[in-house]
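We call the chains A, B and C, going by the order they appear; numbering starts again at 1 in every chain.
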Amino acid sequence: MPLLELRGVAARYGSLQALHGIDLSVGEGEIVAVLGANGAGKTTTLRAISGTVRATGSIVFAGERLARRPEAVARAGIAHVPEGRGTFTQLSVDENLRLGAHVRRDRAAVKADHDRVLERFPGLADRRGQAAGTLSGGEQQQLALARALMQQPRLLLLDEPSLGLAPRVVADFFRVVGELNEQEGLSVLVVEQNANLALASSSRAYVLEVGRIAVAGTSSELRRHASVRRSYLGY
Amino acid sequence: MSRLRIAAGVVVAAATVALVLVLPHWLSDAKAAEFARAGCFFIAILGLNLLTGYTGQISLGHGALMAVGAYTTAILTADHGFRDLWTVPLAGLVAMGAGFVLGLPARRLSGLYLALVTFAFAVAMPALLKRFSGLTGGSQGINLFDKALNRSTGALGSVHVFGATVATNDFLFYLTWGIGFALAGAAWLLVRGRVGRAFRAMRDSEVAAASAGINTAFYKTLAFAISGFYAGVGGSLFVLVSNWFVSPTTFSFDKSLLLVVGAVVGGLGSLAGMALGALFIQFVPDWAANVSHAPGAPSVFFGAAIVLVMILLPSGLGGLLRKLTEPLTRRLYTRSE
Amino acid sequence: MAPVLAADWAGVAQQVVAGLSSGGTYATLAVALVLIYRATGVVNFAQGELAMFSTFVAWTLTQHGLSYWPAFALTVAASLAGGIVLERTVIRPVERASVLTIAIVTIGLFFVVNGAAFWIWSPEVKSMPSAFSTQPIRIAGVAFSISDLGIIGVSLLAVLVLWLFFRFTKLGLAMRAAAQNPESSRLAGIRVSWTIALGWGLATALGAIAGLLAAPPLGSFDQNFMQPILLYAFAGAVLGGIDSALGAVVGSLALGVFLNLLGTYVSWVGTDLRQAAALAVILVVLLVRPSGLFGSAVVRRV
């Protein structure tokens, strides 16, 4: 049974229908990518899952219907790193990390994770006391990921992590995500415009077009798929 | 706009005009006077609506601008023998100037800070009026009854106008609401034109408006000036229709607050709502005072009325009106909470 | 200005302390204003009246046999709860509406609370037993009022406790986060709506403290006694920077001293003009440096 399953999920902004009833799933321990052009509905998909946007249809997580409010979704074990990273810019790096663990009650384990996360991201450790808004784009991206990890989620939702970042920084980021997936079994649903990168990092992918799933399959299949190549991979 | 909507709009407008024409017949003399006062508030709130509803600037000082208009009329009529009605547009112009001055800080400030500046202006006005007693009669104010010789509005009993004889208070009712509708029409035209579009662009995003080439500083001050004109006319008429007396306490900070309450309860952005808001601030306090005579009770009921209306109708009475007369439109962004 | 600085340093010191004492009450109320402003973007027009109401509740308790400090403790606790309940019933329905709408609701609240106070307690003036001993205390040879020193102490303590709460507790951090970035806070699992309610509770409790400290020195007070204090709290907050709690405290203390010295040494300044002076401070600050001493930049160059 997949960890996350969407069936017939639709969402609307005012009179604009952003999602027309999509089916999507993420298995335990998988990295799944969602590709598509601007406005295709990728971000809306993640928002529907985290409850930031009202959506109809069935969303089942770990075998149970997922509550439709962000606070409850966080408690259920899903961490959503939104577009633009959603950093608390006026708070320090440490405070950002503490907030990531807000839903947890095991104080000693939280402290241990705090230290572990700073080991994994030494750049952040150097800047623990600094206001998060003073960090570079790449560092803020790391902080967003670190904050999400502090939540100890089972599923990570990443919205356009490459946005506004230099290629090497992005590659680094995806490497870390891959490590987390391998070492700790973290499941990931990543939305990306950078199709090459997304397909290289994931095992399965969906292509969204105007609110509908146009193509779905394993990442290697999609890489060979003619129309995907033409529209999204550039060759 | 579809033909149906235009037709519906015309019918509603015609019905409203007819209602206003006929209403005084059903009202007692005293009530007509109260409606006339509401008409003055209507005019002042129209101006505030242009300022806050269309350019998003908050003013807690419009009572003071009404005072400027009121005193202009009082001084010109009592001390200089002007015919009372002719001082109305003059009062508007003087208040327009005051509004312009008030609008100067607005170029740099917004939101709470602007509200505080206008608040200081409103609280300072009565003190200023007392200070310059040579011109304003100080704390005693100006009493027009003794001094005004050239008057159309102060007659007790009835007025002769256009060959007909009308009860004074009915005349005042028609005067204020007539001017009110005319000014509402002017506001409507303004809002639909280039100026209105600039206003709305600034309300939605000042940065975007500026980068589209809109001279935001100019339009901000213009909005203050125009709303000052309206407030001045309202204040001027207020003196003429209420007691023929004005003093520094006639337009204390309370009035400024009341005007804002009227504008928001009426429903910012809705011209029809402004009329409802004016009626609200004129009649609800009276109603509240009649419900119970215990000390403090009227305040409780008035305040409760304000809170209830805002909770039930966050877009004000005008918002309700809009919902009833137009097809439902969905909110732009849905939230899951 | 009269040549004042001849030799009466002791007098000046006493007036400064007295000014700090009034400033302390302004500061407590100002922090309450800043709290709600930062959490919701709204200025609570009814803050002063709520403080007044709490003070009257405490007065009633003292009339029934409680001495000052037990009444103080009970009232502050009740105000905390009351503020939360108030937010849940009256503010929550309009949480998503425009800031202006919420402001109008607080105006309505102003009328309701003020009227209710007149309705429940008669309009005749009341007086509150003193919080501190009325004996003077000598420091470095100068006589100071224990009451003044006590008020300064309690108000600063209240603000300090609040600061510690926000800085070091999980809930305090969550509240700060929710005020700055509600969207991200929700994603982190914070119930933003409840943090706003708690913010109102804390603000109402602070207001109660301000009212309870301000009432005894007045001798006699009536239901309108908090209105000038609200004005001074605004002036203090504007002077210090209305989005900064530290600014609100420093600004209010400075204002208290300034007004007191003004009132003492400039002979034609009566109570009316104290309020005018506060208004003038507001105007000057807004025209010259709107962000105040400690606030973040306000003037937008477009």
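Side notes on the structure shown:
Assume a contact is a pair of C-beta atoms (placed from the backbone, for glycine too) under 8 Å apart; a residue touches a chain by one contact, two chains touch by 3 or more.
Note that the structure is predicted; figures quoted are calculated from it, not measured.
Put simply, the chain nearest the middle, going by average C-alpha positions, is C.
In this assembly, A is the chain whose CA centroid lies farthest from the centroid of subunit C. Centre-to-centre spacing of subunit B and subunit C amounts to 33 Å, using the average Cα coordinate of each chain.
Subunit A and subunit C have centres, each the mean of its CA atoms, that are 44 Å apart. In this assembly, the C-alpha centroid of subunit A lies 52 Å from the C-alpha centroid of subunit B.
Along subunit B, residues 335, 337 each make contact with two or more other chains.
Across the assembly, subunit A contributes 52, 69-70 as residues in contact with two or more other chains. Looking at subunit C, one finds that none of its residues touch two or more other chains. Residue ranges on subunit B touching subunit C, taken from their complex, read 52, 58, 105, 108-113, 115-117, 119-120, 123-124, 127, 206-207, 210, 216, 257, 260-261, 264-265, 268, 294-307, 310-311, 314-315, 335, 337. Residues 170, 173-174, 176-177, 180-181, 183-191 of subunit C touch subunit A in their complex. Subunit C contributes residues 37, 43, 90, 93-94, 96-101, 104-105, 107-120, 122-123, 193, 223, 234, 238, 242, 272, 275-276, 279, 282-283, 286-287, 290, 298-300, 302 to its touches with subunit B in the complex.
Per the touch definition, subunit A reaches subunit C in the complex via residues 50, 52, 69-71, 74-75, 79-80, 82, 86-91, 95, 98-100, 102-103, 147, 151.
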